[in-house]
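Presented sequentially are two complexes of subunit A, the first with subunit B as partner and the second with subunit C.
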Partner chain A sequence: MSKLKINKQLIDNKLIVHLAGTIDEDADFKPLENLTQPVISFDFNDITLLNSCGIREWIGFIQKLPASTRLHYQRCPQIIIEQINMVHGFFKSGSQIESFYAPYFCPNCDKESKILLTTEKIKNSKAPAATCPHCGTEGMEFDALEEQYFHFLKSK
Partner chain B sequence: MKLSLFTENKILKDALIELTRPNRLSHNPQVLQTDHFVVVDQDLAILEEKLKTVPRQRLYFISNRSDEENIALIQKYQLSHLVGFDEKNTPLEIMQHYRIFEAKNFWGTAHYLSVLPDTLSFSESKREMSKIPELIKIQSWQDFFDTPADYVNLMANELVSNALYNGPEGKRQGANYPVDRKSPVFLKGSELIQLKLGVDPHAAVLSVIDSFGTLTKEKVIQSLHRSFQEKTVEQKQGGAGLGLYLSYSHGHQFIVNSKLGVKTEVIIVIEKNKRYKTYKSRLKSFHFFDEAHAHE
Partner chain C sequence: MFKHFDHLFEPLVVLDLKQEIHYFNPSFLNFTKQPPRILRGLKRIDELFAAEGFDLEEWMNAGLLKLDLTISPEIKLRHKLSSQSSHVVLRLFPLTLEEGTFVALSVHDLSIETNLFNKYRQQIEELRSTHAQILQADKLATLGEMTATISHEISNPLTIAAGNSELIEVYLEAEDLTVLQAELIRANKDVRESLERINSIIRNMKQFLWKSEDEKEFCSLTEITQHSLGWLQSSIEEHSIRVETLFRTQDTIMLANKIKVEQVIVNLIKNAIDALAEAKIESPTITLEILRDPQDHQLILNIRDNGPGVPTSIRDQLFSPFMTTKKMGEGTGLGLSISKKIMGSHQGALTYIPQESGSCFQMKLPPIEGYSFTRGDKISRGISTKRGPRVIVIDNEPQILNVLTHFLESEGYHVIASASPYDALRFIQKMDLDLIITDLAMPEISGHELSKRIRELKFKGPILYMSTAKNTEIYNQDKETLKIAGMLLKPFSRDEVVQTIKTALARST
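Then we have the complex of A and B:
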């Protein structure tokens, strides 16, 4: 039984698909088959697990979508970014990442935060500045290896 | 037990000499002359020389090359032990393994974890997987970066799935293997898969043990090598071929204990780090212990 919950929302001509739960071997993408919208935006914010069989299911699903469909990815959690960087094929050619989470560390309050970044803020694989949501300190440290973490932006 | 160390690294040398001082370790005088634990640091020429005389089971190679290059080396030389160099953790890792050889028993989490782990058992593939996040939730993740639980959840899911679906392969008469991962599998009474998880002041340790013993060193190396080379899912019946790769990549020490045809244990050690960046920069270590060669 699929542990993936799918919720569709049509705004103007753009279809937003909220995904929640687990993308694994049982993920059922049937509710998303035969979509004809020119742009589909997938919101991964509430995905808790994407395993290797789930990646295979996802790749199989997006390959069946019409070639003209443009896919957008938004609010990708850190664990999904890691998987995308490690396994080819998660992105359909021509797709676009709108936003994703990245780890930052505040040297003032000694806390880590996941900051939501938009793709256009990443220039030459350099992390943008961020303010600590806990103590308000500006200039948090990006807490990953930039070349490695932003690798997916080059390979999309 | 005699330790032979081939290194130019003074820090590593001093740390290991200090850790192996006789008064710091208990020795069995009877094995002092016969047992030999060889550590080669970085130098491939020395490694090649030692491979001619030292059994792979007791030969440790320390490398500061990339994980991808290290997997290629493991494949080329069919190494049983490759330690990804890390200034802070390498001496401790070598010592953990030195003690494993002293104890002559490599099974279980006790060599890597100072507390008793929590345990889960699995006999079927679908409903019981939801217990994993519950077990992860009750651990103390204090002083870890923010998301180790996500990685442990992924690795546990991959390793338990592999054990449930691939473990019985070749042991079931009339069964069609590999089994489609969408179909449920049910194990028989004594065939339980056991997952252990614990966190102590130094590390989080995950262990998945099966009662089949079908995962050989060749299969592990072949799977890791293919995954690092291709970075793609396999379009075949059964798993996607990336479970070991993901588990290797998200841990720090990747350890496989094997008794062929009897049991396999995969252990993942994640050293405690407050910073995610430190967690990611650590080069990975690979260890394969084979019961058949344990006393060579």
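Then we have the complex of A and C:
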């Protein structure tokens, strides 16, 4: 049984689809088939697991959407970015990543944080500066390999 | 130094001979779910992983010592820095560089495959169990509907037994029993036979209900059809239905679960009886026709009736579960759907053949040669990676086919059975076989004639005859001319069969 929850909201002719749970072999995207809105924005904030079978389901789903539909990806967690960097076809042609999470580490309070970034903040595959949400220290360290993590911005 | 590993999909870490980490690729980060900061802070690989039920340290040490490609079995790897675990196969291989000797440890992550395998295996088990329950429910329903028939079947011999018992009592009151000895023996015999008949009915009922579901054996469709008719005899008589049997072929041996096929036939005949009784046809007739399809040699049983037929509007849903034309409480609506599934599990088919008047259901079963070939193929079924010697057994007696199949399969042979010399010849022409065993006395052509034709097909392997001792002369004549490798004398034991075959195969190589 699908452990993926889908919630749709139509705001000003832009459809926002909130996805929560796991995208795996049981993920059922049927409720999203036959959508006709020109722009669909997917919010991945509450996705907890994405595996290769789920990616297959996702690719199968977006391939069925009309060619003219533009997809926006919002609040992509680290697991989505890692899979996007490894698998071809997660993006539909003409789609756009609006925002995504990136791992940071605060040397002051020794805590890890996921900081929400927008794509325009990334220049030359370098992570932008971030402030620790726990202790307020500026200059957190990026906690992944920059070249690899931001690779999806080049291939998009 | 190791940058070229950056682009690999497979997680990989490079260690020196003390197992200290020198490099890891981005896929390794994804696999461990750790940031590079943590991995760089680790000294040795064993700070990251432990294996369940497998000595990872010993395996690593052995690989480092021999400095050659080393592959682990599939193991469950516990990630020490998180609560997760993965199913993996590890590969260790040496890297000899100017800077020194290193080893690369690459990870083949099988977690998704393993989880899917376990999940689907569990679901298939659940489906099997549900299917078995539905089959059982249908049998119970069928038996419930047949209660009247069974009561009638039992009451006849019971009446005979009771009558004879009373008669014996009367005889025993006579002064001189010696005069009545013959009468007493006859009456007692009638009682015993009647009780045996009742016992046989009850045994059949038990068998119908509880016999193992998956057991398939060589059996005769004609015999099963006649047995099924026996079950329904009183219903047939009650509604004055004429039964016409057209058995157009003698070769009616199939590889099947007798009870399941009987369940299908009983279902179909019972449907025909119900349809005829409901429609009150003037001269109701059920025709049972057995034949072989001339094209694909499948065994066919047509069950026809001259009733009102199936309305066109419901033919598409005829085999859907819970589809019934009977009144509430008279049928579960599962019979045809289950029957179709049973035929499917025999690589056969059940179809409705539209008629100008009346209805016709057609059961089709595959020729036993192809079916026994695929059933015994352990390689395609994933049971074995090695092909055992292929042996074809040709005999028109299903019991012999069952016995030999049982003997030889337990010895690792791949047995193909055939009840028809002509079908066997077609199969021999197409397949690569190691040994042929043929009965000598068969109705279509003799084993001698068959062997002549086999040799004309340029089959160079050993042929064995089987027959009773009176046919030894034929073997003696054919030994040289047809290169017959030996003869199995009926009745034979398991050891005799196995030994004769081993000798024949050894001599041929």
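By our rule, the second predicted complex is superposed on the first by the 156 of 156 C-alpha atoms of A that agree within 3 Å, B and C clash if a C-alpha of one lies under 4 Å from a C-alpha of the other, contacts with A are read in each partner's own complex, and residues count from 1 in each chain.
One rule holds in what follows: a contact is a pair of C-beta atoms (placed from the backbone, for glycine too) under 8 Å apart; a residue touches a chain by one contact, two chains touch by 3 or more.
None of the values given here were measured: they were computed from a predicted structure.
Overlay done on subunit A, so just call it for subunit B and subunit C: clash or fit.
clash
Compare subunit B and subunit C by how many residues of subunit A each one touches, and report the one with more.
Higher number of touched subunit A residues: B.
According to the stated criteria, A:L35 is in contact with first (subunit B), second (subunit C), both, or neither; which is it?
neither
With both complexes overlaid on chain A, does A:G89 touch subunit B (first), subunit C (second), both or neither?
Touch status of A:G89: first partner only.
Which of the two partners, first being subunit B and second being subunit C, lies in contact with A:A20: first, second, both, or neither?
Neither: A:A20 stays clear of subunit B and subunit C.
Please indicate which partner A:I59 is in contact with in the superposed arrangement: first for subunit B, second for subunit C, both, or neither.
So A:I59 only meets subunit B here.
Using the superposition on chain A described above, determine whether A:I6 touches subunit B (first), subunit C (second), both, or neither.
neither
Give one of first, second, both or neither to describe whether A:L49 is in contact with subunit B, with subunit C, with both, or with none.
first
Subunit C: which of 38-46, 272-280 or 308-316 bumps into subunit B?
The superposed arrangement places subunit C into subunit B at 38-46.
Just to be sure I follow: which residues of subunit A are touched by subunit B in one complex and then by subunit C in the other one?
Residues 25, 51-53, 82, 86, 103, 105, 112, 143-145, 148 of subunit A touch both subunit B and subunit C.
In the complex of these two chains, what residues of subunit C are touching subunit A?
Per the stated touch rule, the residues are 6, 9, 26-27, 29-30, 35-37, 112, 116.
Touching subunit B in the complex: which residues of subunit A?
1, 3, 24-26, 48-53, 55-56, 59, 77-79, 82-83, 86-89, 103, 105, 110, 112-114, 143-145, 148
Going by the contact rule at the top, pick out the subunit A residues touching subunit C in the complex.
Listed in rising order, the residues are 25, 51-53, 82, 85-86, 103, 105, 112, 141, 143-145, 148.
Given the complex with subunit A, which residues does subunit B contribute to the contact?
Result: residues 126, 130, 133, 145-147, 150-151, 153-154, 157-158, 161, 181-182, 230-235, 239-243, 245-246, 249-250, 274-277, 280-281 of subunit B touch subunit A.
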